[in-house]
Amino acid sequence: MESTHPPAPVSGQAGTAVWNVRVYYEDTDSAGVVYYANYLKFMERARTEWLRGLGFEQDRLATQEGILFAVRSVALDYLRPARFNDSLQVRTSVQRPGRVALVFRQLVLRCGEAERPLCVGRIKVACISAHSYRPHPLPSEILARLTSDR
Amino acid sequence: MESTHPPAPVSGQAGTAVWNVRVYYEDTDSAGVVYYANYLKFMERARTEWLRGLGFEQDRLATQEGILFAVRSVALDYLRPARFNDSLQVRTSVQRPGRVALVFRQLVLRCGEAERPLCVGRIKVACISAHSYRPHPLPSEILARLTSDR
Amino acid sequence: MESTHPPAPVSGQAGTAVWNVRVYYEDTDSAGVVYYANYLKFMERARTEWLRGLGFEQDRLATQEGILFAVRSVALDYLRPARFNDSLQVRTSVQRPGRVALVFRQLVLRCGEAERPLCVGRIKVACISAHSYRPHPLPSEILARLTSDR
Amino acid sequence: MESTHPPAPVSGQAGTAVWNVRVYYEDTDSAGVVYYANYLKFMERARTEWLRGLGFEQDRLATQEGILFAVRSVALDYLRPARFNDSLQVRTSVQRPGRVALVFRQLVLRCGEAERPLCVGRIKVACISAHSYRPHPLPSEILARLTSDR
């Protein structure tokens, strides 16, 4: 498969946040595997928890800073299927923080199979105004945390 | 099974609206059947189209009349499972229109099996203010259409 | 609202399992609240974790015991809305264990608001054969755990 | 935004199938727009209907031919948001039919805004054995239809 983002070694990088996800029936489909769109749910949960781990709550960013995050593009490779009741791990790192957008690299793995990701994603997220929906500079506190965290 | 709302004969009632739904992978789970929460999606699609069929668009009701519909209670009996690629029919009727709430009876059937519903629901929906989220009288035009339609 | 299962006091019952759920964007809708079908997802996650807490994994029950659990009926009252980023708690108790079916009472609350549930449900789940989909007696180990747990 | 697949003119291509999708509450999130994962649902519905339009039902392909389709990779650009109650159109074309995989180009547009897609996707789907989940040659009838259709 021609992949634009081949799986890299995933263990032990600096700046990689880990979030665990359990696969419930709601996540699966009748082919017996996790439905392909649902990896985007897992990845967003992990990005949300990554941001919370840095000290930022998105509901407060919306009401106090007037900003939202909007996904601009996603690219996912599905390498192996996850199944009902699997215990998964989402590994999240910021590849490239910009002034208004962040590019995330996210891996979904089965717990205990750290070298063989199931799904690899590159997600570009832009900061936008909650009012105009136009691009808005990332809050400087977030950028500062991202820079210090690397 | 002790059912609080046993299936009644479903064909040919006055005032019953019919909406077709196809089962895609997104609707199923790894037990090979439609995931139980997704019948509520099918039923909401059917209620939305029923309302549209009466001439009311919910986005305009929100912006122009300042009202939303909020589900207050649901009671569903799951009688037989639907499966991937099934062609389903949702039959919707208003059991009891009130001043601020409507009680719907909705049946989900497989096309061509009209006498044996898969899922039977009773859904209570209230009209609320889009601003205060408090109960709000149903627009008189809707009540008039409901009364004339019966 | 005429409710068939009015909220009872929820704190401190023997035999009540608690599972925490975070509300992500995936759970909400454009009315600004958790979409009504998604409470059924939260409740199923909590039932799954309740069963896991008793020592039973559903994937092993399917492959080794040849059984699945199928929801037969649900009745939910929506009392107050949950919102994006809320930290919720699902409280699960078995009201009535039978030979082939269990009746659950489940409450969804916002953390820190223990006396005011957002959603109250009664969910009837039957044990079925994974092969014939016919009713199947609950494994005696599960019934024993349920009885000893009360 | 650096896009790996910039929007091309979308009207009037030979071999483009069109499928209409209505946006319901289930599809939206509390940011007021269609949740980003749900475009993958819309696109799969459109691919399913494209295949049905060619004369192939996926449930029969699974039981009679022993094959499934598995998504190998997706790349989506989100250009503008869709909203509640929007009437959308998914335009589906096969960019490159291979022996075991198909690469689709899919556009999601708001009806009546044909020149300005909301979301553009490139989806690679492989044919796999329903038993081994290994790659499996596409049925020759499907390849024949794809070739004749272009």
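Which chain is which? They are A, B, C and D, in the order written, and residues in each are numbered from 1.
The working rule: contacts are C-beta pairs under 8 Å (C-beta built on N, C-alpha and C of every residue); 3 or more make two chains touch, one makes a residue touch a chain.
Keep in mind that this is a model prediction, so the values were computed, not measured.
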{"item": "Chain whose Cα centroid lies at the greatest distance from that of subunit C", "value": "D"}
{"item": "Counterpart interface for C-D, drawn from A-B, A-D or B-D and sharing over half of its contact pairs", "value": "A-B"}
{"item": "Chain centre separation in whole Å, for subunit C relative to subunit B (CA means)", "value": "23"}
{"item": "Subunit A and subunit C, separation of their C-alpha mean positions in angstrom", "value": "28"}
{"item": "Residues of subunit C touching at least two other chains", "value": "25-26, 31, 37, 41, 44, 83-84"}
{"item": "Subunit A residues touching subunit C - in the complex, by the definition given at the top", "value": "22, 24-26, 41, 44-45, 48, 57-59, 83-85"}
{"item": "Subunit A residues within the subunit D interface of the complex", "value": "1, 3-4, 31, 36-38, 40-41, 44, 68, 70-78, 81, 124, 133"}
{"item": "Contacting residues of subunit A [partner subunit B, same complex]", "value": "25-26, 28-33, 35, 37, 83-84"}
